[in-house]
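Alright, structures below, take your time with them.
You will see two complexes here that share chain A, one where it goes with chain B and one where it goes with chain C.
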Partner chain A sequence: MCPLSAQNTPVLIIGGGVAGLTAALELDRRGLPSLLVDKGPRLGGQARGFCCKALVSCARCGACRVGDLLEQVARRPGIQVLTQALPVAAQRQGPGWEVTLIPQPAPEGSAPALAPALAMERPLAQRLVVQAGAVILAVGHQVFDPARKSRLGHGRVPGVISAGQLEQALAQGGLPGQARRIAFIQCVGSRDQVLGRLYCSRVCCGFALRLARLARHLAPESAVTFFHMDVQDYGQAWRAELAEMRADLRFIRAIPGQVRRGQEGPVVAYAGEGGQPQEEEFDLVVLATGLEPPTAAPAFNEMFGLQPGPEGFLAPGAGVLVAGTAAGPRSIAESIEHAALAAAQAGLHLAAGQPAPRGEVAHA
Partner chain B sequence: MRLNDCDPGFKQEIAREPGGQGIQACFACAACTARCPVGELKPEYDPRRLLRLAVLGRREEVLASPLIWLCCSCQSCSEVCPQDVRCSDVLTAIKNLAARAGYAPPSGQAMARQLAAHGRLLTVGEFENEKRAELGLPPVSEEPADYQAILGAEAAAPRPAGEGA
Partner chain C sequence: MPRPALCWLQAPGLEGLDPQELARAAGLELDRGGVLEAAVVNIPEAQAPADLRLRLLGRPVQWLDLAAEVGGGQPQHRLARAAASLARAAGRASLGTLAPVYTPQANQRVLVAGQGLGALEAARQAALLGHPVLLALPGDDPASPAVGEDPAQVARLAASLPAGIEFSPASRLDNLTGAGGSFQAWLDTPQGQSRQRFGAVLLTPAGGWETEPSPPGLDPSLARPLMDWESQPLSSQPGWRQVAILVGVSRPASAQAFGRALKAALALQGQPRLQVTLLFREALVAVEQGERLYRQARSAGVLMARLAQGDPRVAGEGRTLIWQDQVLGEELELTPDLVLLSQEISAPWPTFLQNEVLWPPRQRLLPEHARLDGGRTARSGFYILGALRGTAPGGERLAEAAAAAQDLHELLGGGATPLPAVRNLICARCLTCVRVCPHGVPEHQDDHIQPAPAACLACGICAAECPAEAIAPPGWSTAELLEGLKQGLARAPKPALVLFACGQSVMPALASLSRAGRPWPAGLLVQPLNCAGRVGLELILRALSLGAEGVLVAGCHDGMCRSLTGNLRARLATGQAASTLDELGLGADAVGFLHMASNQPQTLARTIEDMYGRLGRPGQAGQGE
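Presenting the complex of A and B:
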C-alpha cells in the first residue's frame, strides 16, 4: 500500500513496458533514482504476452528480453514502482513537472494485489502528487484494430485472426484448431492512405515471418503463404534467415482484395502469378496488424503542452522525453536502445537544470 | 527493360489529366487486380501491371496496349485500394492520353465519327419522327448542321490512328 499523498523523484517514468523498464535501469546505472508508474496491474507492457519464436536456436525476436528486464528492475532498490496509477494532470515546476496520479481499479479477472508476479508491483492506493525533475513518457503504442479493415474479414469470417491472437495461442501451447493451410496478410493498418496511416510499422514483417516459421515447425505438414508488398530488411543475420524462409514458405507479392467465408475456412481473393484474380481457401488467415499512436497521445499533448509528433505519435518537450513505441513504430530491441537514449537525455536535463536538447545527446 | 527506353515524365503527364492524380500514390500492392472482374474473364488484364508500367514510364507500351480499353470503370479497384489511387479513373486518364496519341481502337473511332457526322449513334427514321409528332415535338433530320456548330467541326473530327499527339 502507498500511504503517501506527495512524493519527490528525480525522474518520473510513465509506462512500464520494455521502454519504461529500460529507462529506469539506465537511470539507476547512472545513480539516479526513479518512480516507474503504469496504469495497468502488471509491468512488461505488450511484449509480456509474446511467445518465444526459437526453433532450435534463438530467433532474436526479443520476447525474452521482457523477463530479463523485470528481474533486473526488481533487484534495484533505487527504482520505485507503482501500478494501477493513471496520470491525469501535470503542472510545470521549475525545470521539472508536478504530476497527479489517480488509482485505477484492477481489471476483472486479475488479482494483482494478492498474487503479484514480482514483489515490486504495488498498486496505487490513493491520489498522489509527484514532483519530478524530468518525465519520460513510455506509454507504448496501440495495435491497429483489424476489424476496421472489414474486407479482410476479421470478426466476421471464422478462421481470420490477428497476429496478436496467434502470438497468444502459440504462447499458450499451439496452433489454433487443425490449421494446416495458413496465410499471412501483411501491412494491415499500415501503409494505407485511406486509413490515414502512411507509415510502415517496421516490426510486422519480422514477427509475422518468425510466427510463420514457428507454425511450420510445430506442424511440419502445414503450408504457409505470405501475402506482402515487400519485406523489411533487419540486417545481415536476417537476410540469411529470409533466404531460408523464401525456400520454405510461399511468398506472394500481392495484398489480397478480400477474405470471405468458404466451405471449410476463409477464402482469400488475390492477384495470382500472371496477374489474374484468383481465390484460394485456407484454414487460418493471420492479419499482421500494425502499430498506431498511443490512444492517450492527445491527452499527454495537452497535459504537458507538447506539439503532436510525426503521424500522431508523441514528441519530446520541455522536461519531457519520449521512449519506445510511444514515439513511433519500433521493435523491442529498438525500444530498449531508444529508452536508454531517453534516460541519458533525462540525466543531462537534470544535470543542467534546464530543458534537455531535443535532437541527439550532446557529449557530456 | 532499359532505363533509356522509359519516359520519367509519363506519370506526371497522367497525373495532370483529370482523374489521373492518384497514380503517384500507387505502390503496386495488387489489391485492385485481386478484385477486378475484367481480369476474371481476360487473364492478361492486370490493372496493377498497367499502373506499374505507367509509373516506370513505358509510355508507348501503355498507350498502344489494347488492354487499357478493357477497363469497364466498375470502380471495384477504387473500393479496395489502400492508397486511394482510384485506379479506374487513372485508366480513364490513360485512355484520354491514348486517344489523343491516336491509339483509340477502331470501333471507338468509328463511333466518334458517327457522332460527329450525325449527332447521335442511333439512326433516326420515320418511326421516331411520327412519335415525336404525336408528342408535339418538331422532327429531327438525319444530318443536322447544328451538331457541327455545337461541337466545332475540328474537335468533332477524330484523328486517324498513328498520328501522334
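Presenting the complex of A and C:
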C-alpha cells in the first residue's frame, strides 16, 4: 500500500520489464534514485514468461536475466517500485515532468503456479502525482496478434499456436501434446506490406530456431520444418549455431499462405520448388509472431508531446528518454544495452538540466 | 610439542646480538640445520635464502623483521626488545598461527589502448572519475578516427578531453597479464618496450575493412571493394552497363554490410543506363529501416539475385558470373563492367589474447555474448570495445565506453569481495592456483602467492585444486564445508541427498521453488556455493563418506559460467566420482550432475525427484526453507 499523493523523484521509469529494470539499476549505480512504475500487477515484463533455450550450452537468449534483474532491483533501496499504476497525464515542469498516476484494478485470474522470478507486487493505492527530473519510457512492445492473419488458422485450427504459447509451455515443463511433426512459420506480422509492417522484427529467427532446437532435443524423434523468408544474422557465435541447425532442421524458403484443419493436425499450404503449390500435414504449427509498437504509443506521444518514432515506435523528446523495445524491436541483450544508455543519458540530463542529443551521449 | 627453532640469519641492524642467548631467553631451540617442526626466522621471508625456505616448506613459520623491531639504543635495551619480539613470535609459531592475509590496494591507473570514439570516450570518462589514464595511441594524432567513424565527431571529442590523460603516441599493447587492480602491460613505444602496471585495461583497436573474397577466376580488373568505391563519387564510366554487387556470397555477411550494399546499389541504379544486380543468399534486414531500404532498392529496379547452394562460377575469360538462382530455379549469367565486393569492419585479434594464460579464449568474446555485459570480458578489469567487439560506429561506441569506465571505477574502488587467504607458509609454490584461476587472481611475486585486489569472484576453483589446501576462499574452505556437511548430515532424515548448488543458477531456482511453496524431500541438504567449480572429486567423496546417500552437483549451462570453466570442472569431478564409485562396486547412481539456468526451477525439481528415485527409497516430503 502506498499512501502518498505527491512525490519527487529524480527519474520516473515507466514500464518494469527488462529495459525498465536495467535503467533503474544503472541509475542506482550512478547514485540516482528512481521510481519504477508498471501498469501490470508485477514486474518482469514479457520476457518473464520466456523459457531457457539452452541444451547443454547456453543459447545466450537472455531469458534468465529477467530474474537476476528482479533480484537486484529488490535489493536496492534507491529504487522505489509501484505496480498497477497507470500514467494518465503529464505536464512539463522546468527541465522535468509532472506525471499523474492512477491505480489500476487487480487483474482477474491468479499468477502462474510456479513463479520463475520475484513478483515485486507493490500496488498503487490512490492517485499519485510524481515530479520527476527526467522520464524514461520503457513501456515495451505489443506482440502481433496472429488471429489477425486469419488464413494462418490461429485460434481456429487446432494445433496452431503462437511462439509465445510455445515458450510458456516449455517454461512450464514440456512440449504440448504428442507433437512429432512440427512446423515454424516465420515473419507473422513482420515484413508484411499488406499489414503495413515494413520492418523486420529482428528477434524471431533467433528465438524460433532456438525453440525448434529445444523441441528437437525434448522430443528427439520429432521432425522440425522451418518456413522462412530470410534467416537473419546475429553475429559470429550465431553462425556456428545456425550451421548446426541447418544440418538438423528442414529449412524451406517460403511463407505459407494458408493453414487449414487436416485429418490429424493442421495442414500447411505453401509454394514449393519452382512455385508449385504444396500441402503438408503437421502435428503442431508455431507462428513466430513479430513485435509491434506498444498500443499506448499514441497516448504517450500526446502526453509528452513526442514526435512519432520509426515505424510507430516511440522516439525520445525533451526530458523524455526511451529504452528497450518501446523504441523498436530488439533482443533482451540489446534492450539491456539500450536501457543502460538511456539511464546514462538521463543522468546527464539531470546534471545539465537540458535534454541529451538523440543517439549520442552528451558531452557536458 | 617440540619447541620452535630459531633460524638466525645475520642482517644489518642486528650487530651485537647473540642468537644463543636470545633463543634461550625466548624459549626457542637454535636451528642447527636439521628437520624443523616450527620456526621463527629473524628476517622477512623475501630476504631469506632459497634453501631455508625450502626446508621450512609446509611448516608453521613466523618471519620477523627483527632489525626493525629492535631499533637502536643501549645494547641491553636492544637485547630485551629482541627477546620479547622473539618470544611473542615463538608463541605464535608454536600455536601454528599462519601468516596474515595479504591485502593489497587496487592500482588506480587505467590504460586505454587504441583510437577513435571508444578510446577517447573511455579515457575521458575514466579521467573524469579520477583515474590517471594512459592513452596509448597507434598513431600520433588523438583525433584520428577508427574505421567507419565520423572524423568530425572524433575531432570534437578529442578537443574536449580533460586534464589527467597522459598520451603515449605510436604505441601498441604487446602483452598483458594479471587481473583487475593489478595488470602488467607490455607497451611497444618508439623508445622501446616498457612494462607498466595498471588497475584496468581497455582495448579498442581502429579496425579495418575486410573485403568479401572475389569469386575465383574473376578478372581482377573488374573487382573493387565497396567502401573504396564509395569514398570516391559514385559515378559510372561511359559505356558501363552492368554492375554486380556481391554481399554474403562466399561467407556470411552482417546486416550492416547488407545495408551498405543496398545503399550503393540504390546510388548506382540512379545513374543513367546502368543496371545494378545484387547477388546475395539472405536478405539481412534486421536493422532499423532495413526492410524499407530493401524494398526501395527493388522498386528502383535493382535486380535481386538470390543464390542457391553452391558458389558462383566464372566463365568468359574471367568476365562472366554464372550462378544457380534460387528464386527462378535455373542458371543465370551476367557479364558486368564492375563487381563491387561488400566489406565488414573487423579488427585482427591481438596475439596476446590467443595466449591461453590470459583468459578468455576467443569464443567467449563473440559480439552477441559479450553484448550481455557492456564492454566487459570474462576477465574483470579488462574491456574490449569497438571494432574488435563488433560495436557499430557512433553512439553505441560512446555508450559502451562510458559503461566500461563506470564499471572499472566501481571495480577498482569497491573491493567488496573478500580475497582468498593464501597460507604462504604451507604453500608449496606449485603454482596450480595461478594456472587454474579463471580470473587471473593469484600472482606469483617475490616467491609469494598474492591475490590481485579487484578480480576475485570467490568461485573457489583454486581451493578445489590446491594440493596443499593452502588457499581458502573466505567461508568456503574445505574444512568449513565439511564441518557444515557433517552437522547437516547428522540431522538430515534418510536417504540424504547433498545438493552442491551454484549461486548463479541453482540458488535463484531454489528460491523460486520456495516461493511457490513447493515441498521438497526432507533429506535434501543444500550446500550453496558461489560457483559449482568449488566442487572437486574429494568433496563429493567426502560428502558420501560423511553419510550422504547421494550427491547432486548443479551448475550453469556451458558458456554461462561466470568463472568460465567452473561448471565444466564440477561436471568432470562428478564424472570422476561416478567412475570411482563404479570401480569400487558402489554404484555410480549415487552422484549426478545438472546443467541449468536460474529460470529453470522445474528442471531442478524434476532432477531432484529423479535422484531420489535412483536412490531407491523416496524421500519423505518436507517443506523448503
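Keep in mind that, in the parts below, the second predicted complex is superposed on the first by the 349 of 364 C-alpha atoms of A that agree within 3 Å, B and C clash if a C-alpha of one lies under 4 Å from a C-alpha of the other, contacts with A are read in each partner's own complex, and residues count from 1 in each chain.
To be clear about the criterion, a residue touches a chain if its C-beta (ideal position, glycine included) is under 8 Å from a C-beta of that chain, and two chains touch if they have at least 3 such contacts.
All of these numbers come straight from a predicted model, not from anything done at the bench.
Annotation for the three-chain superposition on chain A: chain B and chain C clash.
By the touch criterion defined above, A:Cys51 reaches chain C but does not reach chain B. Of the two partner chains placed by superposition, chain B and chain C are both touched by A:Met229.
When the shared chain is aligned, no partner comes close enough to touch A:Ala352: not chain B, not chain C.
Between chain B and chain C, it is C that contacts the larger number of residues in chain A.
Using the contact criterion defined above for the overlaid structures, shared-chain residue A:Arg151 touches chain B, although it does not reach chain C. Contact with chain B, but none with chain C, is seen for A:Gly257 once the two complexes are overlaid on the shared chain. After overlaying the two complexes on the shared chain, residue contacts for A:Ala6 are found with neither chain B nor chain C.
In the superposition on chain A, A:Ala269 makes contact with chain B only, not with chain C. By the touch criterion defined above, A:Gly328 reaches chain C but does not reach chain B.
Applying the stated contact rule after C-alpha superposition, one finds that A:Leu195 touches chain B and leaves chain C untouched. Overlaying the two complexes on chain A leaves one chain B stretch of 1-9, 73-81 or 91-99 clashing with chain C, which is 1-9. Overlap of the chain B and chain C interfaces on chain A comprises residues 191, 193, 229, 253, 274. If you check the complex, the residues on chain C that touch chain A are 121, 156-157, 160, 252-255, 282-292, 295, 326, 329, 363, 366-369, 371-372, 374, 390, 394-396, 398-400, 402-403, 406, 410, 505, 508, 512-513, 515-516, 518, 556-560, 595-602. On the chain B side of its complex with chain A, the touching residues are 25, 27-36, 39-40, 43-46, 48-49, 80-84. Against chain B, in their complex, chain A makes its touches with residues 151, 187, 191-195, 229, 253-258, 269-271, 274-278.
Listing the residues of chain A that touch chain C in their complex gives 29-30, 50-52, 54, 56-58, 60, 62-68, 71, 113-119, 171-173, 191, 193, 198-200, 202, 205, 229-239, 253, 273-274, 310, 328, 333-334, 336-337, 340-341, 344, 359-361, 363.
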